[in-house]
Structures are given as C-alpha cells and as structure tokens.
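Just below sit the structures, each encoded as structure tokens.
You will see chain A twice below: alongside chain B first, and alongside chain C after that.
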Partner chain A sequence: MLPYLVRRLLVMVPTLLGVSVVVFLSLHLTPGDPAQVILGPKATASSLAALRQELGLDQPVHVQYLRWLRGVVTGDWGRSIQLKASVLSLVWQRFQATLVLSAAALLIAVGAGVALGAFSASRAGTLADRAAIAVSLVGYSLPPFFLGIVLQVVFGLRLGWFPVTGMLPPGGGGFRDMLPHLVLPAVTLAAGIGALLARMTRATMMDVFGQDHVRTARAKGLVERAVTARHVFRNALLPIVTVVGLQIGYVLGGAVLVEQVFSWPGIGTLAVNAILARDFPLVQGVTLVVATAYVFANLVTDVAYVLVDPRVSYA
Partner chain B sequence: MSVATVAPAAAGRRRRSTLRRFLGEPVAFASFAFLAAVVLAALLAPWLGLPDPVRGSLVDRLKPPLTPGHPLGTDEFGRDMLSRVVWGARVSLGVGFGAVGLAVAVGVTLGLLSGYLAGAFDFWVQRLVDQLMAFPYVLLALLVVAILGPGLTNTMLAIAIAGVPYYVRIARGSALSLREREFVEAAKASGARTAWILARHVLTNSLSPILVAATLDVGFMIMAAAGMSFLGLGAQPPLAEWGVMLSNGRQFLRVAPWVSLVPGVMIFLVVLALNLLGDRLRDLLDPRATGR
Partner chain C sequence: MVRRAVRPRAGAPLVLALAAALSVGTALAQPGSRVVVGLQAEPVTLDVAQLSDYNSSRAAMEMYEGLVRFAHGSTDIEPGLAESWDVSDDGLVYTFHLRPGVTFHDGTPVNAEAVKFSFERQIDPEHPYHDTGEFPYAEFTLGVIDAIEVVDDLTVRITLKETFAPFLANMAMHAAALVSPTAVMRYGRDFGEHPVGAGPYRFVSWQRGVEVILEANPDYWRGAPQVERLIFRPIIEDQARLAALEAGEIDLAVNLPPDDLPRLRQDPRFTFAEQPGMHTWYVVFNVTKEPFDDPRVRQAVAHAIDRDAIVQAILGGTGETAVNFLPPVVWSYTDDVATYPYDPERARQLLAEAGYPNGFSVEFWVPESGSGMQQSVAMGTVIQDFLARVGIDVTIQQFEWGTYLDRVIVPFEQADSVPAMFEMSWIGDNGDPDNFLYILLSGDQFPPYGFNLGYYDNDEVDDLLRRARTITDPDERLPLYQEAQRLIMADLPVLPVDHETQIVVHSSSIRGFVPHPTGVFRFENVEVVGR
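And now, the complex of A and B:
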C-alpha cells in the first residue's frame, strides 16, 4: 500500500504544477493591462506603477511565475487588494467554514442517497420504487440556490425551526451552536449529489442483481435480505465510491452558491466578492486552495477504491 | 447506385420511428410539449402583447398572483411577473443553449481531431484537458469570469469553456474507436480529405453519445448561468433573467415570496423536463444504458 501511495503522491506533483500555471496565468490572460484591470479606469499613473511593482509585472513572465510559485510554497500568497490583508490567512480562515459545510453535505448525501437507491433497487418495479425515482429526479433538477430559498422560507421563516443565515448566533459560539445553522445549507448542498447517488446506486445494484453469483446465493437458500446486503450491495460499492469521489468537485463548486444563499462565511462568498472587486491575488488564492483540495480528494477516492475492492491491485 | 438511393429513405423511416418511440412515452411527450411551449413563448415574446418587462408602475408593486391583469403577480417595481418570466426565458434559455452549442462545437472539433490524428496533437490536447479537469466545474467557470470580467456574455463564454473538456473526452473516445473501422479505412484509401472523413464518417457515427450528453447538459448549463446571475456575476438588473429575478426577490421573501418562487419554479421545471428528455434519449440511443 505504501509504495502505491508514494507513487500516487508523486503523480500529483505535475498536476499541481499545472494548476499553479493556470492560476498564475489567469491574471495575465485578462484583456489589457492587469494593473489597470485591478485598479479600474480612474487609477493614477503612480498607483498603477506601484501595483505593477508589487505584483512583479515589470519582470519577464517566467521570472514572475517562479517568484510567485516560491511565494506560494513558502506561505507568502500576497496581499488582498480590497481587504488589505494576507491572502493565505483570509483564504485559510474561510476555507475551514467551507470544509465544514461540504463535509456535512457529503455525509448527508451519501447516507440518504445510497439508502434511497438501495431501497429503490430492492423494490424494483413497485410503486415505492417509482416514488423514489421521482424524488431523486426532482432533487437532481432543483437548482441549489432555489432549493435553499425554499428551505429558508419554509423551515426558517414560516416554521422557525432553523436560523436562516450565518454560521454562528450573533456574538459567536462553539461547534454545538453551529449545528442548527448548518442544517439548511448542508441539506441544500446535499440534495443534488444525494439524488445522483441514489440513481447511481439503484442502477449498479440492478446490474449486480442479474449476475450469476447472486442467483447462486439465492439458489442455496439465502434470505433475500442477506443476498442484498452481502452479495449485491458490497459489489455495487465500487462504482458508488467513484461517483462520491467525482462529486467532491461538485460539492466544492456548489458550496459557492449555497454559501451565498445562507451568508455562510466560506470561501465561495470570498471568491464572489474578490471577482466583483477584481481582487486578483485573492481570486488566485481561492482557486489554488480549492483546486488543490480537489486534486487531493481525487487521491483519496483512488485509495478508497483500492480499499473497497480487493481485485484492484495497487502493486 | 441503387444502394445510395434506397439508403436515405430507409434512414428517414428509421428516424421517424425513433422519434415516434421517443415521444410515445407520456412523460417524454409532456416534457417535450412543455419545453416547446416555453421556447415558443420566448421566441414570440414581443408579439404576445405582454406588459413591458423592465418598466412597471409603483402603484402595482408586489401584487400577489391571480391579480386581474397580472396572473403571476408583480415584483417590487410593479413589473408584471408573467412578462418578466417570458422575456427572461429568452435570456436564460438562450444562454443555456448557446453555452452548450459553443462547448459542443469547440469540444467535439478538438476531440475528433485529437482522437483521429493521434500523435503529438492528441498528446497536448489531452494534457490541456487533464489540466482543466483538475478544476471543479464551477471554480473553472468562476476563474474565467474573473479573467473576462462579469457580464452576461462573459458568463456564457465561461460556462461554455468550463464544459469543453467534457465534450473533448466524449468525441475523442468515439474517434479513437472509429478510426480503425473498415469504412473509415476505405474512405482514407479512396483519397478522401481528412476534414471530409471526420465530418461524414466519424462525426455522424459519434452523434448519439454527444446528443445525449448535450441534452442533459443544457439543463445543467441553464442552471449554471442562472447561478452566475444569482451571484451577481452574470446578467445584471433590470434585465429580466431568471437568476437575477430569483436573487432580487430574496429581499421580499417574507411579504412576497412569489417574486423569487416564480422564476425558481421555471428554472426547476425546464431543467426537470430537459433531464427527463435526456434520460429518455439515452435509453433509446445507448443500448448499454440500464434504463430500468
């Protein structure tokens, strides 16, 4: 296992370097002078010159890239132009909030999605199966920002069960105080992925139901519940793990929208404000963190794949 | 010669029967009818005699649905919601279909060339695709908006660019398997130009998976474009666009929830209909799909 992990980590290096090149170049791909784009049309010549020097724009591009990369590796991610603070500390602080939201959403999505899919597959063709399919189709087609608003209206404003915005009550608090705030955004973010997982789980389990070893298990007199749990579900796990892994990118992206609806102080709200203010150092910081997290998530998926299926060799 | 004259007729018959099977199922037919009605209303918006979608009268502000003269109510500026929804369909559907069209055109061209030509071209296109796929979709779209600047056209470009790698993958896979087939070899041996072979033989035989992916993608991209406008990065008020309308209405959720709910329901229904049609199309065109 260890050599496999080391090799996978090494393969990540060129991918991460590629990510860094794309993120670095984003500033240089802007139409026109980057300093002018950032400071706007009313900027004075001296402020433009100062910013050019701060961003190193007066150097050749490869020198700029190496300088920037050295900064990224050593923890100097530059300063946010709009917020006048260290990009790394801003991004890191907000990223934790996004991670909490994403993890909660993924847990709900996997739990509810796989359960719904397994339920649906084990009752294929019945009315319950059709209802489950309809539920997953609706979940899959609901825009997260719309679902969020509906949940806010129903469970926040009308019923008053959960707070509608923010991560903590006014005045702050601990993890326990955060939980009621987490429910609505996490459910909103989980809906689409949960629905996709339910469809996927159902389809794979239906495939496994038709295989020979399942017939054999039934023929030797195993009760249906044991057949489903031991022979069908376990074999359906592999594609499910893949889909969960693929959805991590969707979760991180979807979080941007959900955070905006619920004023969740995560990286998404930070990113949107940075884009509107054309605060490029901050945009680059956010992109770098999320893309790196995504690359790591894919690594975790591959490792999980190996752990779930003994047939996949990691030698 | 006789084969050449008979083939189109047979193909036409086959196409008609596929279409009949496609719409023969009630859910698919209902989805198709609903989408057709929305598209038709969007196209005919200027001639439907609807009130101005941008200018309203403050006397009529926040009227609930079923008010005489305003079947879907009015918004905070007294603008007719029905009119805004219909005019908004032009923008939202236009951006969704436009973005998919763009992503398909660029992605499929690159993918077919990449799979068919192989070699160094394929290598570099694939490295680029791998690199773009290292970014989550929404993040990539956001990065492109950051580069180009906010706005409706830039948003459409951004979500199209973010979708390109997906179509490169699909088209390349088809081209890779088709280039070894006898009819492609035969066309090559008879001296046909590469562009002709790609268009006539490779593209036409790769259409099914591309069509299924694109149908399912239109809904996704309509949602993505509305999401960008919702974030304030796409269409800007006072333009009637579903994402903008949904976002504006949030301030009035307590007193006038319909201002947000009406455009939200429209996005949901259109995406649902497109997903249902996409699923149906996949069941018909892809024999491997488990359409159970």
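And now, the complex of A and C:
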C-alpha cells in the first residue's frame, strides 16, 4: 500500500505541471491585457507600458512561466495583480471557505442521497419508490444557480429561517454564527450530487438484489433488513464510492456558481474575478490549488476502494 | 439636481434629516448605530490613490478627504482640508492654505509635507514610495502639475505645466485625496490594506470577499458623524442583493434588478434616493470609415433608433434619454442643439441623400458587460433591429470587456481595425465639461492620448475646446462649451443614447442619505432612526 501511495503522489507532480502549463498558455492566448484591466479605460499608453514592464508582462511567455514556477517551488506564489495582495494568502483564505462549503455539501449529498436510494430500492415499485425517484429527478435537473435563488426567496425571505447571503453575519462572528449561513448554500450545492447518488444507489442495489448470493442469504432465513444491510448495501458501495469521488470535481465546479449566488467568500468567486481581470498569478494559484484538491480526491477514492472491497488491493 | 422620492408620510423624516444636517459638528455618534452597504463586487484596494472602480471607491472614500471636495449632491467645489486658496493671474500657480490642527487617523498632522507626499508618490517615478502601488488616475488627475513647494507648514504652492481650468475640480477627485505619509512609509505596498486618511470614518478591518468595516472618526474636523459603523459587503448577484436588502441583512444597495423597483417603491420599509448620473451611454461612429464619414449617414442612424423605447423597455426607466452628448448635470449643458427624434422616414431620406437608398451592411461591436455599459447586449440587439427597419444590415460582434477595451482603444494609425460602429460609455470624473467634450471628442485626444475613439476631428470644435480649458473664468468658458455642443450635435460623431440614473434603495430607518453624482456614498450627514 505504501509504495502505491508514494507512486501516486509522485505522479501528481507531472499532472499538476501539465495543468499549470495549459492554464498559463490559455490565459496568455486569450486576448485582454491585465494592465488595461487594472488601470481601467482611462489609462494612458505610457502608464500601461510601465505597468506591463513592472508586472513582467513584456517578457516572453516561457520566461514568465518559469519565473512563476520557480516562485511556486520556493513558496512565493506572486502577488495578485488586481487584489494587490499575496496570492498564497488569498488562495488559502478562500480555499478554506470553499472546503467548508464543499464538505458540508458532500456530507448532505452522501447522507441524503444514499439514504433515499436505499429506501427507494428496498421499496421498489411502490408509490414511495416512485415519489423518491421524482424527488431525485427534480434535484438532479435544477441548475444550482436557480435552485439557490429559489431557496433564498423561500427559506431566507418568506420564512426567514436562514440568512440569505454571506458566510458570517455583518460585523463578524464565530463558527456557531456560520452554521445558519451554511445551510442554504450547502443544500443548493448538494442537490445535484445527492440526486445522482440516490439514483445510482437505487440502481446498483436493485442489481445486487437479483444476484445469487442474496437469494442464498434469504434462503438461509436472514431477515430482510440484514440482507439489505450486509449483503446488498455492502456490495453496492463500490460504484457509489466511485461516483462520490468523481463528484468532488463537480462540487468544486458547482461551488463557483453557488458561491456567487450566496456571496460565499470562497475560491469560486475569487477565480471568476481573477479570470475576468486577467489576473495571471491569481488564476494560476487558484488552478494549482483546485487541481491539487481534485487529484488528491481521486487518490482518496482509490484508497477507499480497499476499505470497501477486500478484493481490491494495491501491491 | 437631487431628486428624492418622498412618500406622503415622509414629511417628518425630512425635517429630521434637516435637523441632522444642522446638528453635525456638535452631535456624537449614536452608539451601536450602523449601516450595512451591499456592494456589487468586492473592493480590490482601499488605497485612495489606487482606486479605479466603484466598489472600492464606495468602501474607501469616507476615510479620506482632499484639499477641496465636491459639495453634497453636486460637483460644486467647497473647501476641504484647505480652508482657502489663491490662484495667480495667469492661472498657473495655486497656493493652498491648510486648516490648522487637523490630523490623519493615526495622529500624523495634515500639513504641506503630507500634500507633497500624497501627490508626488503618484506622479514622480523617483519618489521613494512611488513603488507602493499602481496609480490609475495619477496622470489624469495630477499630470498637469509641474512642481509642489512647501511654503510653510500649512501652505503649499502648486505650479502647473500649463493653464488648466478644471484643475480645482481635479483636486476634489479621489486621487487628489491626502494619505498619511507615516502610514504609507510603515505599510508600503500594503497601505491599501491599512488605509489611513483624514476623512469622517476610519479603518477598522477588512476581510477580503467578506466585508470592510469602518468606524466614525471622533476627531473629524467637521464633527464626528452620527452613524457609528459602516459595513460594506460584496453581494455579486443583483437578485441576491435584493433578497439581502429585503431580509434586512443589508441596509442600502444600488443596481437592483429594474423589474423589482416598482414593487420596492410601494414598500414603506424602503426609501429611494435618486440622482441623474454624470454618465453617457453612446454609440461611437468610426468617422474614418465609409459610410460614417458622411454626417448624413450618422444622422440617419440617429433618426432610425427609438431611444425613448430603449430607455423605457430595456432600462426600465433607470436612465434618461439623451438629448445632448453632455449629461444635464454637468455645467454648461444646453438642450439648444440639433435633436434626432425617432423618425424612420427621415432616416431613409437621409440615407438616400447620402447615396445609400438601399441601406448598407455594417459591423457593430458590443461588450458583454462593463463599467457604465448598462444592458449592453440587449441595447445593441434593439439597435440592430431598429436599423434593419431602414435597410441597414447590422452584424453584432460580442466581446468580453477586457478584450473589448483592448480592441476599441487603438491609435489612429490602426483606425481601420476599429469597426464602423461600437458601444461605449463614459462616467464623469470631476463635473467639468472638459472631462467629457475635450477628452472624448477633441482631435488632440485620439488614443493613446485620450478617448476620442471614433477619431472625430473638427478644427472649429478643437479650437473652442482648447481655448475653454485654458480660461479659468467659468463665465468666459460657458459660451465656448455651448457652441462646441451645438457643433458636435450637428455633426453627430457619436450617438448619445441615455444618461444612467443612480438609484440607491435603502432602509427607511436611514435618514439624510443623498447620492452623489460621482457615485461615491457619503454618510457624514446620515443617521439611523427607530432601530
């Protein structure tokens, strides 16, 4: 297991390098000039030229890339062009907010999705099953952007149960103050994944229900609950874990939209602004962190297989 | 110039607001009172010399003051940290006399050295603190300064490179506000995160992406403001900002969805504060290109477009149809100019006279969004439709804002790469007509020197505008600007469509809020009641 982990971690390096090269190139190939964005439409040509030089934008692209890479390795991720602050501190601060939101969303999605799917599978064909399918279909089809606004209006404005924006109340607060702020954005982000997991769980469990070992278990006289829990659910877990792992990428992507709607100060809002402002160092920093998180999540998924399925092992 | 929507019940509040305005200077801040402002995006810096967007300006400006400032609700100039000033007869030398005993929030005295430091930091590349930021408005605001001399502790003499009539107006702009030299020396490039000025509010904290918190400056020379705390929160989505306002999470917001405004107007919990904007949204004609080198074609386009309909249907009345290129809030404005009412028949006739009886095809560039661009895409699409009705076949090309600016602000030598027609907008900086007419339409101001983006070049107009900016007496400048406006609107190198109205919606518990034409928010006369 350990050599496998080391190998996987080593493979991360070229993956991340590849990602950073692609992002760097695509940013530099897109038209638009960070100096122009910073100085605005009222900038003069000489101030634009001076700023380009100051930011090193007058250098060839490969020189700029290598300079950036050297910085990253030595812990200097550069300074955000637009926000005039250290990229590393900006990215780290925002990533924590996104982690909180994503973790809460995943918890809700896995908890609610798997429960709904299992419930549905064990009552296949009944009215309850069909209602559960309908719920998951709706959850899956609603774009997070729209769902977010609906939740804001219904639970924030009409019912007044939850605050509609921000991570903390104005003027600051601690973790306890954050919880009510977390509910609506986390549910919004969880809806799509939860629905997918519900459908996935239902389908795989139905599959397993029809297999020989389940018939054997029932023939042994096991009560239905034990059959479902020990023989069906356990065997259905593998594909579910795969899907959860894949959805981590979706969560990070979906966070961009959800953060925007709820003014959640995460990495999504940071990334959108950075891209629009052609803030090269910041976009690079955000990408690096998100890509690392994604690659890391995949690794965790692979490791989870071992725990779920004794047949899988990494020598 | 300021219209406030006052509901029948609002008589008493108005009196209260007046009382509040009168009592400033003696009153203390109301303990615990606060106003939470919903911004459209997060501020990027709080260094006044580096501001270039509304959101940063709104969060920062209450911390600063300059030698002079714009009066409440207008661009009239009134004394600020300078209590008086003299101007030499040739208009080249300005001597400012500073108010004694005023300090920055960190205790540093506001003196002649601080003035010199604040300005030279921006315009002198050799200044030891020049590398503490990028100063987008330095050249524009202070570029005309030749020398700054400290005469004595409270007297500073500024000599200009050439006579420049709007100089005093520039001194009221944000880039001319004073910063504490001690704080800049201490924080360097991070001054924007530790801002220190001499304004009515002082800095408390800034959590990026979350909020900026300011508190009343008890030592403000005009007297401490009433509201104890100001909190600025970015809420990017218009719909979410609306929800936050209705839920009471914020107290004041701009740019709410136009469709919801009529409903909010009926809601007694909210008060509207409106201000005709120092803004023009316009279509630029590249006059170096056929067919727009012919004024008749430009006039035909103007007659073909129903601009009132655009303002009503697309902007939901959040703008005022433009009669003239200059907005009505800028002095010297006249409506005694050629006008172009919606008249497709007249448009066809003009096209025929110009030799295009069957119309023509043209490319029209439109940004997806952008500062001051309002509903750029929808407005462009409607213009396309109107023009189709008189036989002009318009192809729209859409760009992202940064790219767009890159492509349309190009030197005369590359005029051919600029399309025949494109959208633009301008937000005034200092309330001076020079800031619209000279910069946007004089032959001296082709990019990269200025923003005459369609390369309009009329010697008569140029002469008027050049003379007007070197005369300091407003009475003498007035006829020159009015004549220039008449010539411009007859030639029509640009088609002004509307002037955006600034609509601020705030909780009715806030009294005394008046929007400012420059778009920044002032809270020094504001108070919070019944909360």
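In this text, the second predicted complex is superposed on the first by the 281 of 315 C-alpha atoms of A that agree within 3 Å, B and C clash if a C-alpha of one lies under 4 Å from a C-alpha of the other, contacts with A are read in each partner's own complex, and residues count from 1 in each chain.
The working rule: a residue touches a chain if its C-beta (ideal position, glycine included) is under 8 Å from a C-beta of that chain, and two chains touch if they have at least 3 such contacts.
What you see is a predicted model, and the numbers here were worked out from it, not measured in a lab.
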First (chain B), second (chain C), both or neither touched by A:Gly18: first
First, second, both or neither for A:Leu189, with chain B first and chain C second: neither
Touched partner set for A:Pro170, first chain B, second chain C, both or neither: second
Which of chain B and chain C A:Phe146 touches, first, second, both or neither: first
Touching partner for A:Tyr294 - first (chain B), second (chain C), both, neither: first
Which of chain B and chain C A:Leu106 touches, first, second, both or neither: neither
Chain B versus chain C as contact partner of A:Gln93, first or second or both or neither: second
First, second, both or neither for A:Gly249, with chain B first and chain C second: first
Contacts of A:Val208 with chain B and chain C, given as first, second, both or neither: neither
Chain B/chain C common contact set on chain A: 30-31, 37, 149, 152-153, 157, 260, 276, 278
Residue numbers on chain A that touch chain B, as the complex places them: 15, 18-19, 21-23, 26, 29-31, 37, 124, 137-138, 140-146, 149-150, 152-153, 157, 203, 206-207, 248-250, 252-254, 256-257, 260, 271-272, 274-276, 278, 280, 283, 287, 290-291, 294-295
Residue ranges of chain C touching chain A (in the complex, touch as defined): 34, 36, 41-42, 44-45, 47, 50, 52-53, 133-140, 189-190, 192-193, 205, 207-211, 213, 229, 231, 233-237, 239-241, 243-244, 246-247, 249-250, 371, 400-403, 405-407, 409, 429, 447-449, 451
Of chain A, residues touching chain C in the complex: 30-33, 36-48, 51, 54, 82-85, 90, 93-94, 97, 149, 152-153, 156-157, 160, 163-172, 260-263, 265-266, 269-270, 273, 276-278
Parts of chain B lying in touch with chain A, wherever the complex brings them together: 127, 130-132, 134-139, 142-143, 145-150, 219, 223, 226-227, 230-233, 243, 246-247, 250, 253-254, 257, 260-261, 264-265, 267-268, 271-272, 275-276, 290, 292
